[in-house]
């Protein structure tokens, strides 16, 4: 019998709040550690594989602070001998011309020698080389990257599933890739679906990126109608992870990727079930980032159907301030790690996995008011 | 026993998002074909029977691209020898005087000879002649249109039902009309109701237009309190179509009509169950459209109770760009077909009927933020 | 056992939409008649007992159009020999000083002779004399009003219930009042509660005013936290009416009072179950109204805790245009009766009681967008 | 088996409305009394332990009006011989520099002699000395305060629970503190959780402060993601109080703390179950308050992660006007006690505990409109 399609409610950062419970703890007792393969990172915040966020210099600096920076192997760094020149061009463009410039500069091909060279620069600087490529380029670039010393491999496209229907190409075999590069961990993404997450975990990958369409530099929702707010995406995929863990004993972390602006957003994603988060625009706003105060999504360069714009972020703070403060900003945009620790302590959670059990509520109105007041302020400027 | 009236929630484009699932496919494997009677159209997007959207020239051009343009037989084209002169007047008016001018120019009677002449112009240009009239005028105009070569007949009023209570006139007998004009397909609309859709399908019509009150040029909700958001209207009428198909084996497509602005909106309506969509203002904004950068609803001309205004759209792009790109716009207003193909591929759907099974969620906040940011921007201009 | 207080959702005009159903009819077949006692009124729209809305001249004019105008016996008309002078003062005041002026002019006592004189003026002009007073003044003023020829008695306070706890005064006995003034109909209000409505109907009153706090000139929600959106208030009290009718065979109409701006709002209230509506500010904006383009609530004059402000409405149209058009306005603010007839016809309802069965949905987003666009426009002015 | 985290809806002041019921009463029959220990206060509104709100002079004045003012023992009054000088500095600062100044001036240590001196000033003036300190300072300051004549002890931190996990310090033993200072009442806070409230009541405390993150000067929600709207916090903790009362016969009042702007907000919190409320910014806006027209949260001074800003309130009215009117303001910001009495009377409630049974509904749209209109107005200024 025909049935009416059922639509469930989905929630984003602005729709929810964390609720303190019956126990609290001291922030000093909190650990925010994230473990992947052999390594443990003290900061569970990944820097996105985006050209305005991570270049080899940034990767080195952020590694030394305990964080995880991902270099995009399909970006400007591996297409140009001197990517700084291109980054200068993008930053100098007016907004109307910027999309066309971005579409043009990404037409240059990715060079194998530059892949190796950039990874070498990270290693030489003492950083951990974590690299990302699209599924199409992974077969070709993964061996080069591993030879050059990459320690984590991220395979990321707009949407990733274990099953992909294709006539013209066989597609990347994830299970095979995982075996080939072992013991180097493979992270895949992005996905938002319970079933897709389970299937991806069964291929043997060591981590899943969660999130389609929420980023500040992304307009997938307008262009394609596609997207799902991050709290619901995290709740759904975290459930898949927990069930997979119960069935197999293997814990595959999920990393919520995109749409973050404040320490509150980071805390909410982790409370909702994320093991770590991946952020772009807050890093693009650091003095250390290669974006020169600008940020753009990787789908901005699509020549047929760009889904993103160049966004002016400004160079607001040092990486140190962004992550650890101290700060005089009271809007949550600095000291992200301090905020996470305080949130966890307020809920009595000493580890990220304990924090997954804290209570959240749907409470949109405060934020709506906040937004509305922001408009009122902006429109008065 | 007395019962309290029950109010269910209804949703529009801005309230929902499409969620990628466990399978994806390549956009090249996607077909967006729409079949009606003997013909198959490659573009499932109808151009509205509105005077700012379709004239014979436009119908010819859009036909050749694989689309479906509907000429309004109750509009300016069939009231004036030289409609361009009238269109110039409307475009030249100030906003305050425009409603009165529109009320006045539509007082001129519809001429039989002009009906035949406009259809001839479309045929001569090599286009497919698809025409629309109101139920009141259909008896008189349908024979003329069919003689002149019309290939599809659209009978459209603000709200159409199979049962209409009337004292002064017997009303149009749909079942009889369908038999008389066979094998020419009859499309009727508009409706939003599950029961009305079933009853209309039982009259033998070959398609249903869905949507009351959502268009950009329509203010029915303010004036009459009547309207229903398009996603819910589509879900309800698609259920009727599916049940009718199960019972009779006859598949009567539904065409969601009105309120579209972006490729995301088109994708959402089709994902919700539409077989095609009908759009007005995005076409009115093409260089090929007769509206001269303006758009107005057919109820704007009502002399007692106008329910619409003239809206300034601008002449933003060519028909080619609107439908197929390429584009540098990142707001979803260009390359509508490319966006639909990408959306479908992201959900693993190779046909429109497969896309009907993809998951959607209610996720209003992102859009609310979007709206609010738009205000903030506009108010700063 | 202790239980958590349960909060149900409540809805206002902007939250809902009427949905066309499986049958339509012609507007000419629609009747909007409202019967009270021996009389039938062709326009089911009451003009509020407010000083900016109704004076004897207005009452005469509106009576002749088939409407119902209520003269406030506790207002300026019965406190001053020449109320026009006071109305001029209020209109001439600046906004900051207006509340204090209103507080002051309402301190003058109500005079018995003026009560009789104003009713006489309505009768002499050929109008129907419908008068309102507060519960406190009813004992004293009702006999005078009836002697002078009043045909309907409205007893209205901010909130009315059949049971009122009071130590200092015995309170008005409604059942007794109804018997004393019979066969003159007694209307009481305002209430919003299912139980209170049932109890009030049992006292024998012939009509109930519904609505607390929604009016344009009312700020009860900010000041007291009290209020309930009108659609929910109407649904709840209409259920009480229908149950009372089933049990007793006596049909006591409910009149939804306050918060209306458009024909759409009127249609929604009646579709939700109202037998008629009472409106203030739209009438205050007519050239015939005594408010001189301004409007204020009766609680604005409270000297301790005013709950309302003087609102500038403008003198936008004639009473004729407001009610029956024709109009060039497309925002629903003119031709209210035409809009109601068209709404009813669109739902296939030939009488108000048939319209009570039409479908409504909760559909807030369209209106939110509308509001937001309005802001955008206003802030650009 | 793994389960998906469940998110319930939470509501704030703007989301709800009080609904008049089937009985009303006269405001003169209403009592708003609040009893704590041996004393009964006629005004159930506490003035927050914040430096912009209460100094000894203010405490004396407010005591005499029947209210409850709490002096902050961890604030400027106990750190500086001449706090007025510091208050002048804060008021003179520009907004950008104000957070840093506040961070700096709160680095000065709290002095035992000043604790005693300030309490003495309140006693000498004839006021009731009610004092607050953080859990960390309570052991040291409580004996001094009690010696100096404090009559109520408030132990308040951002979030308080009976169980606190800590390695470095054993933490304050509440049960022990209650015994030590008896019969002086101990109030603790803040909490929002059903379970935490029950556990805190079991320690023997005489009152609970409810609310995390809603205040006007607080940005916990942005910074930490933590917060819960006050109506839901009140409903949850009131349920704990009622169950504790049923089980033990001891009634421990809850005081909803933070986020109030109007008499409507106060009425809503009490209707939701609060026995009293604690407000900050409305008092900071009185001429008697020490804030000089400014207000800031106690977490603004956090040197690592400030969670609040200095807000300009203005000096809008006298304490008398704020509490008892009369007023010409129609936005609910004056005559808070009069508004509460009128609200209670409208619901037929003669005592606060009767008011706990009145009906509330979720009715966000009116307020959203209100907010949106406010923006429209502000942006036009």
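Residue numbering begins at 1 within each chain, and the chains themselves are lettered A, B, C and D in the order written.
In the analysis below, contacts are C-beta pairs under 8 Å (C-beta built on N, C-alpha and C of every residue); 3 or more make two chains touch, one makes a residue touch a chain.
Being a predicted model, the structure only gives us computed values, none of them experimental.
J.: Shared touching chains for chain A and chain C?
T.: The common neighbours are B, D.
J.: Count the residue numbers both chain B and chain C use at their shared interface, divide by all numbers used there, and answer same if that is over half, different if under half.
T.: different
J.: Quick check for you: after a Cα superposition of chain C on chain D, what is the rotation angle, between 0 and 180°, in steps of 5?
T.: So the angle, rounded to a multiple of 5, is 90 degrees.
J.: Among the chains, which is located farthest from chain D on the basis of C-alpha centroids?
T.: B
J.: Express in whole angstrom the distance between the two chain centres, defined as the mean CA positions of chain A and chain B.
T.: 40
J.: Any idea how many Å lie between the Cα centroids of chain B and chain D?
T.: 56
J.: Taking each residue of chain B in turn, which ones touch at least two of the other chains?
T.: Residue numbers touching two or more other chains: 11, 368, 372, 375, 379.
J.: Dump the list of chain pairs that touch, please.
T.: Applying the touch criterion to every chain pair yields A-B, A-D, B-C, C-D.
J.: Could you please specify the touching residues of chain D with respect to chain C in the complex?
T.: 11, 13, 16-26, 28-29, 231, 235-236, 238-239, 242-243, 245-246, 262-268, 271-273, 325-332, 335, 338-339, 342-343, 346-348, 350, 356, 359-363, 365-370, 372, 375-376, 379-380
J.: Tell me, which parts of chain D touch chain A in their complex?
T.: 1-5, 7-12, 14-15, 99-100, 103, 158-168, 191-193, 195-196, 199, 212-214, 219, 221-229, 232, 300, 303-309, 364, 368, 371-372, 374-375, 378-379, 381
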